[in-house]
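What follows is a group of structures, each given as structure tokens.
There are two complexes below, and they share subunit A, which is joined by subunit B in the first and by subunit C in the second.
Right, the complex of A and B next:
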């Protein structure tokens, strides 16, 4: 079983049950957010640090390490000044 | 005492053991856990994605799951507020992580078991915001939960025996561990663990586990360094190398001992920080060691509120299982003299002897010596060490408001204790009126505007 999610326009395929962070990491992406001009991605991996947040289906601030990827999810990066 | 309503917060080893024990004693049990699947960080697995070799004590986990058949288990449930009183009222939001309209779930409790666990403590290091640097727990979590790795060649560094299963899990998902770097020196380890550490680990039933980790390191020819730390991470758009440097007994870096190790990822874990906010909100007394103070029945200073697992002292899964069982029986109203306490109390005694040795790996005050003035300390707000130094003499409130350290999205969970080490004063980041991330719309929907603290 696999799931497909759209990330900033590109389609990534992940394994059923993987977190959004897991799908991104498996696709070779390590960062998906900008903070103070620098790239950020996963850091704590257990929902504490909020470093890996992205926008999922129009909802901001979703922790990529905590949310299981669902087929058809539309994911966008977030930028914090 | 049957029919007592017991609510357990957290479904890691401590919470599951508490729930199982309370069910067996005839209580009406509800378990609230923020994860999608019960098990906590210790049994953080996925039925299809996890390499079975990365699971420990699966038989124990299966048995706990069976015992929970008589309990109401709410996964994906984030507790955001607890109201004191008799009965206690626990407020949770249930739904996919950070979704916009989760369902409000108020639960009433005659007794509460708080088993919220701990998360990695990661000390700031110059370069630690570069892509490729994660907590040690993150490296293990993505290996277990998602079957992926964070890089091809990883340095695992920090302190404590937990670095070993992290290194093993990276190897299991195809990564190479360049080195494991432990801050405690050989001399400190011998003083702390004794000259025959295997005797202690045998007593705690951990000899096989330790042998398996060391065997994995040996098979992969991974060096295990002692008395050293990663004191700098190099790279421009991602990790390219780290500086590994010898440290003194207080973790102060020793000049002239720097080595460069090439890698594309770094997993850092300098110990654990207990997740105290729920216990603090209920009013539980916190000891000077900054763990929840508990009595012999895992009872806290608040009547009918019990605590178990890492929030009462870092001791690992076996200690948590024993403490959870005691807490669950007590919360269900089982009298202290009951024979059912005998086995878990004996296990708790054995495990505490082991847990006491973890002090050997306690963070040394000299670690701040590896920071530069421009090293980011608070990741959320990108607050640098130099900014904290400017407010060294100010009140903690003035420091926070001027620098914004610890006021970002994680609410000081990552940087709080490090900020305190740098400024030399307690800041009180653990006191949080809202226990987890809640959207304003969800608050309005669940409590009709009545959210005064």
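Right, the complex of A and C next:
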């Protein structure tokens, strides 16, 4: 079983039940947000630090480490201007 | 000359840096280390917008210039252990709901006379500057000179630079002052004696307690503030945005809860939401009331905040002076004792100029502004003891004029 998610337009494949962070890491992406000029991705990996947040299907502030990837999810990076 | 600085918050750090650069041997003593209290529990405001014409405004205007130069100098060449200040010349936008527009307009006009720049924004300009502001806002005034630092990092940066220049930072607690024949000879800490030719009291809301260790009186009290922090999000707040009623809340001497909305985003992507003022001693009880009032008011200003998740909240204690002016300079009675405290919510912004005024008082370095209005010898800082010194006539006079109730 596998799922496909779109991340800023690119289609990534993951295993069924994998978190969005898991899909991103498996695809070789280690960071997906910038803060204070630094790259951020998984820090705590358990839902506390809020460093891995993304917009998923239009909903902001979704923690990539907690959200199971669902087939067809549209994921966008959150960028501070 | 050896100078002990008590307190390693923004004011202590700025004094340590100014004194070190003016040639003194400096020992900074703090019981928790750098930026352990008020300076890490605030927003890092460097404001001119909230200052009405008067001595504090003059100090703030000079400090604003001074911060720009200092932040550039600190960030250009970082020594080991010195973080970036995160200085942002983001500008402030003060907003008023319909009832407050005239007052804000005339307040801004009164500031023009002393050189605080601002311009009213029409509806289109306001929307362009802050697209997520409530449509209920009647007036926005842009203050291009308002700025911000990350207060804890900026404090550590000043400390690191002072240490690099020869200052020592000691984590220890001062438990007594040593005074011989009316002159300071040093301090006693938990670990022993530290001799000094001068002592600078930068203990923030604890400055009154520190003054008492030397047998002096300085009426500085804690005024609690709380802040809400959202989770990181795409940027929706671009300036420091605050409600014009903030100026009234700052200037009030009322002990009971006052809240006024201040909203801004940080480089980390979080939004900081303040502000509250209440005099409850050093208590951490009863935080729900200020936090919920701030949340309600802030969502009226920025409706998107209604659906925002909070990451955490924090609170701290501002050093409140009864006459709303900082105490900077020599103690009224004890020779060799100096104070730099009582900046309330403006300590980060006023720090570099306060440091320069202390270097002036202690070492005779040039003063960037007239030090007179800030001298700790003024009667309003001597509380009950000060009234006692002027004595019975004062009391009798108050009784005779029947002003007891109003006082």
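Definition applied: the second predicted complex is superposed on the first by the 79 of 81 C-alpha atoms of A that agree within 3 Å, B and C clash if a C-alpha of one lies under 4 Å from a C-alpha of the other, contacts with A are read in each partner's own complex, and residues count from 1 in each chain.
In the analysis below, a contact is a pair of C-beta atoms (placed from the backbone, for glycine too) under 8 Å apart; a residue touches a chain by one contact, two chains touch by 3 or more.
For clarity, every value in this text was computed on a predicted model and none was experimentally measured.
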| item | value |
| --- | --- |
| Partner chain(s) touched by A:68 [first = subunit B, second = subunit C, both, neither] | first |
| Which superposed partner A:33 touches (first subunit B, second subunit C, both, neither) | second |
| Comparing the two partners subunit B and subunit C, which touches a greater set of residues in subunit A | B |
| First, second, both or neither for A:17, with subunit B first and subunit C second | first |
| Which superposed partner A:50 touches (first subunit B, second subunit C, both, neither) | both |
| Touching partner for A:78 - first (subunit B), second (subunit C), both, neither | second |
| Subunit B and subunit C footprints on subunit A, overlapping residues | 35-36, 50-51, 53, 61 |
| Subunit A residues touching subunit B - in the complex, by the definition given at the top | 15-19, 21-22, 25-26, 30-31, 35-36, 38-51, 53, 56, 59, 61-63, 65-68 |
| Contact footprint of subunit C on subunit A as seen in their complex | 33, 35-37, 50-51, 53, 55, 60-61, 78-81 |
| Contact footprint of subunit A on subunit C as seen in their complex | 86, 231-235, 265-269, 308-309, 311 |
| Subunit A-facing residues of subunit B, complex | 34, 36, 41, 46-49, 96-100, 119-120, 122, 129, 131-135, 137-142, 145-150, 237-238, 379-380, 382, 408-410, 413-414, 437 |
